[in-house]
Structure formats: C-alpha cells, structure tokens
Amino acid sequence: MTDTTWKTAITEIKPNEVRLRGYRIDELMGEITYAQAIFLALKGELPTKGVAKLLDAMLVSSIDHGATPPSTIAARTAVSTGAPLNAALAAGILSINRYHGAAIYDCMGVLEEGLHLVKEAGKDMETIAVELLAEYREKKIRIAGFGHRIHTSDPRTARLFSLAEELGVAGEGVAMMMAIQKAFHESGKDLPINVDGAIAALLIDLKMPRELANAFFIMARVPGLVTHIHEEQTRERPMRRIHPSDHTYDGPAPRDLS
Amino acid sequence: MTDTTWKTAITEIKPNEVRLRGYRIDELMGEITYAQAIFLALKGELPTKGVAKLLDAMLVSSIDHGATPPSTIAARTAVSTGAPLNAALAAGILSINRYHGAAIYDCMGVLEEGLHLVKEAGKDMETIAVELLAEYREKKIRIAGFGHRIHTSDPRTARLFSLAEELGVAGEGVAMMMAIQKAFHESGKDLPINVDGAIAALLIDLKMPRELANAFFIMARVPGLVTHIHEEQTRERPMRRIHPSDHTYDGPAPRDLS
Amino acid sequence: MTDTTWKTAITEIKPNEVRLRGYRIDELMGEITYAQAIFLALKGELPTKGVAKLLDAMLVSSIDHGATPPSTIAARTAVSTGAPLNAALAAGILSINRYHGAAIYDCMGVLEEGLHLVKEAGKDMETIAVELLAEYREKKIRIAGFGHRIHTSDPRTARLFSLAEELGVAGEGVAMMMAIQKAFHESGKDLPINVDGAIAALLIDLKMPRELANAFFIMARVPGLVTHIHEEQTRERPMRRIHPSDHTYDGPAPRDLS
Amino acid sequence: MTDTTWKTAITEIKPNEVRLRGYRIDELMGEITYAQAIFLALKGELPTKGVAKLLDAMLVSSIDHGATPPSTIAARTAVSTGAPLNAALAAGILSINRYHGAAIYDCMGVLEEGLHLVKEAGKDMETIAVELLAEYREKKIRIAGFGHRIHTSDPRTARLFSLAEELGVAGEGVAMMMAIQKAFHESGKDLPINVDGAIAALLIDLKMPRELANAFFIMARVPGLVTHIHEEQTRERPMRRIHPSDHTYDGPAPRDLS
C-alpha cells in the first residue's frame, strides 16, 4: 500500500547494523555519554565537548526533587495500588504539565520574545528587560523561571551558569535571563533564577527547539520517578494513604565527593 | 496526622540545598555524568569509573531501535491525534511489557537461576548451562536474551561485552551468558546474544536488582521515544494511518566518528 | 493539618451509607439507568425521563466505530505487547485528542458563538449561520461536526435528532446546527452533520458544560476500547504488527432487533 | 500486504452504516440502554430484560466511592498540574490494580474454584465452602469480596442480591457466595459481602469471562473519575497538595427519590 509509506530520519536498521543519525550505534558506545546520545537523537548532530559536559550537568540537576512534587506523588499512588513500574511511571509523567515542569517552556518563550525585541527594536537587553517586566506586570502574568517555593537562592542555577561560562557555552540566553533578573532587582524585587529558568536560558544557547523544553524536564526526571516507584514498592505496604508532604528523609547523611 | 508520616531515603530538600543520596546536587553537577547520577539514584552509591563508562554504553545501546517497535508506534499514534508530548510518551511507555522490552528481566531470571545452581550443586557453569537448556526445552520456554528478528549477530552485544572486559566489569553474569550460548552451540543451534541478553548479563554483574531490569530498558528508550514523537509532530500531518513497518529511512548517510 | 482540608460535593461516604449527590446509591440502583447516574454525577441532578432516554441513545451512538480509529489502534498496540487491560485502555484514552474525538468540543464552541450572536445582535439564526460560515471560511477554519471520512449521511445523526424531537429535548442547539447546515447548503455545499456534531448540539440543549464535551466522547467509547482490547488478547498473537486499516469484519451477519 | 490482514468481529463500518455485533447502531439507539450496549459489545449478544436491568444497577453501584480511593487521588493529582481531562483519567485508570479494584477478579476466582469443586467432588456448596475457607486460611490468603474498610454491612450488596433474585438472574454464583459467607459465620466470623464480592457473584451468573472482571469495575468508575477531575478543575487552585483523606462533603443534603 504505497499510500501509507512514510519516512523517518532517526534510526536506520539493517541486519547486524543499527545507525543513529548516521552513526553506527556500536561505534558510539564507549565513545560518547548517554547525554551526548540524547543530544544526537534530538538534534541530529553530536554536541561539542563543552555542550556535552553541560548537558550532563543539566540532566543531573533535575533528576529528582524529593517526594513532594505531584508527579512523584502520582507515581507512588499508582504503584501503591499494585501498578507495574511502567504504568506508575506513566501516571507520573502524565502529572507533568503546565503547572509542574512547564516553567522551562514558558521561560523560553519570554527569553525568545526578549531576544526578538532586541533584534527588532535595536535596543539593548537591559532596556528590553525593563519593558518586558512592565508588560508582564500589566498583563498580570508571572514570568516563569524566577522564584521558588523553597529556595531563596537555587544552588543548581549558580552551578549551571558558572559551568556554562567556564565551558564557553553561555550566550544570549543566559545574558537575557540575567538582564531580566537585574530588571527585577531594580524594580525592588530580588528573585532567584530557579533551575527551570537556568535550563531555559541554556536551552536557548544550545539552540534546542522550544517544543522540546518539557521533554527535557521529563527526560531528566524519569530516573528520579523510577527510584521513587522502586522505593514505594520495596519499602511501603500497598494501598497506604500517601500524604504529599508529611514525610521525612532518612537516607545517607550529608557527604561530599572526596 | 502522625499516622501518615512516612520516610524516603532518596533526596533531601532544605532551603537552598538539594542532596541526592547525601551528595549536594550542585556538587555532583559537572563532576558526574547523567548515567552516573542514574546509578546513584537507583543504587544509593556512586559507580566506579569502569561501571560509569559501561553504564553510558548500555544506555546508548538501547536509546532507539527505529520506527517499528510497538512502543514507538503507540507513541506516534497518540501524538498523531494531537496528544501533548508527555501523553504520547506515556502511551509509548505503556506499550513496553512482557513481549517488548521485558527480555532483560526474563534473561536475568535465567542467569540468576543458573548462578544459584552453580553454587548449590557445586557444578561448573558449562554443565549447569547444558542442564538449563534441557530444562527450558522440556518446559517449552524460550530462553530470553538469545536470537533477534533482524540481527544474526547483534553488533551491540559484541561491543558491550568487549567494553565490560576492558573495563574490568565483566563477571559471573557475562560468564554464565557465554556458557549458555556455548551450550546452544553444542546442541547444534547458533543463536546470537541480543542486546537485551547482554544488558541482562551486565546488570547481574552490576548487582542491579532484577525488578529494575525493565526500568533500565524504559529509561534508555525514553529519549528515542521523545525523538520519534517530535519527528511525528513536525514532519507528518495529523491523524494519518501509521503502518508499523512500511517506512524508509531518509536521515543522514552512514558516517563515522572521526 | 487544617491547611490541607478540602471539600467535595460529589459523594458522601458514611459507614453503611453511600450517597451520590445526596441520593442513597442503593436507592438509585434498580430505579435509574447507568446513563442517568452519569448525568447525576456530572450535573448534580437527575435528568428528566426524556433526557434520560436521549442520553442512553447518545452513549450508544458512540460506543464503537470499528478497528480503524487511532485510539483503538493505540489500545491494541499496547495490549499486543502484554499490557494489562487498564494500561491498554489508558493508551487508547491518551490517543483521544484534538484531531480524534474533539469535534464535539469544537462544534459546541461554534454553536455557543452562534447562539451568543443571535442574542447579542438580535438577528435570526439563519442570518447568523450565514455570517458564521463566512467568518470561518475567511479564517480558513473548518467548522467541526460536519462531514465524515466514510459516511455521506451519518445514520446516527438522523436517529439522534428524531429522538430528541420526539422526546421534547431538541432546543436551540439543534436549531442552530440545522441553520448552519442550511447555510452550507445555500452556499452550494451539502455536508452531513456527523455524530459528533449531533452530540454537540444535544449537549448544548442538555446544558452540559463545554469542558465536558470530550469527556462525553471518552465515556461513550471506553466499552468499545475494552472490547477491542479483549478481542486482541483472546484472538491475536502477541507482538504482531497492527496495520491500522488492513482488516475485515467477520462477526455476526447483519441482523435486526425483534 | 496480505500477511498483515487481520479480522475483527466487533463493529462493521460501511458508508452510512455502522453495525455493532450485527445490529445497526441507529436501530439500537432509543431501543436499548447504554448498559445493554456494553453487554452487547462485550458478549456479542443482547442481554435479557432481567440481565439488562441488573447491569444498570451493577454499573450504578460502582460509579463512585468518594474522594479517597487512590484512583481518584491520582486523577486529581494529575489534573491539578494542568493535565487535560483524558490524561488525568488515564492516570486514574492506571491506579486501578491488584490492591484497588481487583477484588472482583480475585473473588470470581474463588467462586469458580468452589463451583468447579462442587461439580468434581459431588459435594454440596456448603461443604465445599467450609473446605475452601480452611484451604485459604492455611495458605494465609484473604478471600476477596468480604469485609470493607468502612462498611460493616455494604448497602450495595443487599440491593444487588435482592434485585438479582427479583429479576430471576441469581444463580450458582450468588449461591456459592452466600455459602462462603455462611461458612465464615459458622467459623465465628461475621463478614459482610462487599460490593465487589456481590458483583463477582453476579458476573459468574452472567457468564462474563473472568478476565473482564476488572474491566467492569473500570467502566463503572470512569464517570466518577471524570466528575472528580471536573470538580478539581473548576473548584480548586492548581498545584495544591492533595491530602488523600482530609476532606469533607459539602454537596446536596441527603434526599430521597420521591
């Protein structure tokens, strides 16, 4: 049925040969990290060494954020009824939406709007940032990527930005983000850039399409969800009522990389 | 409500401090790869350098296998109706079950049985492998991890096993797997160890609990599914009828890492 | 923790007493149909006898539409890999979105817009219908609820509208829909009102909130999906490649009631 | 591609004709209830009048059980993050598993075992029931379908059984269930038959295949989940922490069918 023939540019399968975006997968194995392979799959090309290292740091930054997020609670609730791991993971992923995990997407939108205006209007970033702030305040829309329920200074942001600087990856995305933070400061409001805002700025500088923003958060969080599902399966009795915040940590004590 | 208080040993969240299994996440960022963080989350301890490198290769090996697997078809079918990315990904993950993606789990079971018998019966691996083969033949159960629809010699297996050898990670899991392959050969049947069988053997040597076997496959495949979803969204018209095998590859031509 | 206390107005549970919207569920059992209970749950009040009968017909009309729709294909694809019934059903439901199953929602929007304009502008429905058609043609948006891939005259629409008339339920929703169809006709285009368009018109007349439009389609289709999942489980081998249209019907021959 | 041709016996689609199990769907509309159509879809034949009425009562009995069940909490958690209705519903359905909603399946297994033994051993139900109880007590397996967290006498069970009697549908399934309850009583334990146990007994008498047991619960509960999702969407702020039991009912006051 020739009318149903379709094309894909991702992976080519032949007998005894699997090629991802043109590269033999067995040649990639041992040569690139999983994070590099993710970039290759999504973008079609291998990242530079600097981008590769930053990608690992970005994915590590969001791998887990404790037992409170709704995606974690949904996954634990599902597995607590006896769901297999993949179904519980699906329930968790289905709970990553506009109000949880989407800040990267929303913040990329603000940054893209800002950078577009910089080019269009021929003004500098700081001026545009002040104008953006006024615009959003008038529309009564919160600018995503700033502020955090728990952290007054998000430790992941500082690390991501210093790494990006060091690795030569920081560009106009990071610069625009900093300009907005400065505009907040000047308006009398000191707001931390949260990890989602930091990732948004970096995805701009990595030229990642905005519609993959949430995918980035989801990919990073999957192992965290799997770990919570496994902990629920091995540590708790089935069908318990899972209070979303009434829990305490009893894992390894604070320790440092030696 | 003290009766609902519960405990978690994964991540500790304090203001301006996020610790994964005791380590500050901002200290981990830039120091360990994403694959290492996955191991840390799941197992509670950092992997050795050799294990870390092998983990990256294992995750790379299974990141995608083209457009034909049912998880890919389900994800594409969902997104083709206008599903958001997370819902399409969930549909894909829900299609990873006993007959697709579970060979790692099943094969780990065979290997654990074999290794248990080696210890119990005081016989060597080759003898046990021959006995296992006879047992499974009698029960008419296929031994998972051997044979492949498309590959007569799975290129990913050879690479994983040579890396494991080189990195000093290969142990009794790999040895038992080779013993079973030898027993097949001696019974007149030359079957390739497929990538799932190779990963099963390595997960034994990494002391990963068997109930995380499928999780490993799912984690590895998530970025591949995301890439197919994104390709479907950006390249195809909505509501097309998706024939699961009538497609051709039109991506980058074969190329080598230079 | 008083800050987490919340309220629900749906079902009250006490020892030996379950009340849905105030009514004892054991009193409802045997007195109302399942369709009436659905209405009571969603709207908070029991339907009239006429509405009750129409609801049953509406739910029957959409219970299944064969093996081709993407929700059916996704559910079959998932179960074919060994998914449990609930996971396969979830995969099917995740494939009901903007381009499949959402016509009811979209069409209700058009009807609400038309009826709003009738009230605002003080014009009659036929005039407004002609204006709406022109507006949508200019915006190049297809008006949902008209036309069908397969049916040139949707048999379910005629039956729903005659029942609604007979039961005294047809109101301005149906009238507006007919006015739009007339406007199409006068513009030289004879388009059938499909079952989704008919349901949209009736949901307007039932004063069902528009955000439950898709829910209505999903609720109606769940038993159809379950039936396909069960057929796949009991009739097909696992991991087959499921061509979305290359199937034939071999069930009971055409037959009539009585 | 003839090798992919497959068959389905559920619905036949021709231009302007949709037939469910052989019947024109527009002929069914207005003549049968939705519950009857569900039976027709699943079993391939129309139910008798008595079975039809009982089916409605069975589906009504399980349409909702308040805000506490994990499926409800998972659906509310997902929608609270901004999930669309179908994704939240999927999260809810994924939380119906072995420990929540599966009692019907488990109880049908016990009843089938008991009825099989009655035929095999030529003993009467009461004797077999006593033997079953002893067997399960020894294996330390709870017999599903008895006892309830909240209800000491489940009002839905009494109603279902009296309706089944009245409609002439009660058969060996109900009889076996009563025999087991009597055996419990004689062993000094008075346990109520819960609604799942009652449905299990009736599904035996309806000759519904056991693998559709959970499907029955899921189908019945879908409208309840939809109602909770809609209430969460319209009544609560996004991203609230949803305590699974700290809620109160504020819906319509107790009222009777007049």
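Letters A, B, C and D name the chains as they come in the text, with residue numbers starting at 1 for each one.
Definition applied: contacts are C-beta pairs under 8 Å (C-beta built on N, C-alpha and C of every residue); 3 or more make two chains touch, one makes a residue touch a chain.
These numbers come from a predicted model, not from an experiment.
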A-D against A-C, pair bridged by the larger set of C-beta contacts: A-D
Same-residue or different-residue interface between chain B and chain D, half as cut-off: same
Taking each chain's C-alpha mean as its centre, the one farthest from chain B: C
Mean-CA-position distance for chain D and chain C (Å): 23
Centre-to-centre distance between chain C and chain A (centres being mean Cα positions), rounded to whole Å: 37
Centroid spacing, where centroids are CA-atom means, of chain A and chain D in whole angstrom: 41
Residues of chain D engaged with two or more neighbouring chains: 1, 68, 84, 86-87, 90, 94, 96-97, 241-243, 246
Touching residues (chain side chain A, partner chain C) in the complex: 1, 84, 86-87, 90, 94, 246
Contact footprint of chain D on chain C as seen in their complex: 1, 4-35, 37-38, 41-42, 44, 53, 55-57, 59-61, 63-68, 84-87, 89-91, 93-94, 96-97, 150-156, 158-160, 163, 209, 211-212, 214-215, 218-220, 222-224, 226-231, 233, 235-236, 240-243, 246-257
Of chain C, residues touching chain B in the complex: 1, 68, 70-71, 73-74, 77-78, 80-83, 87-88, 90-91, 94-102, 238-239, 241-245
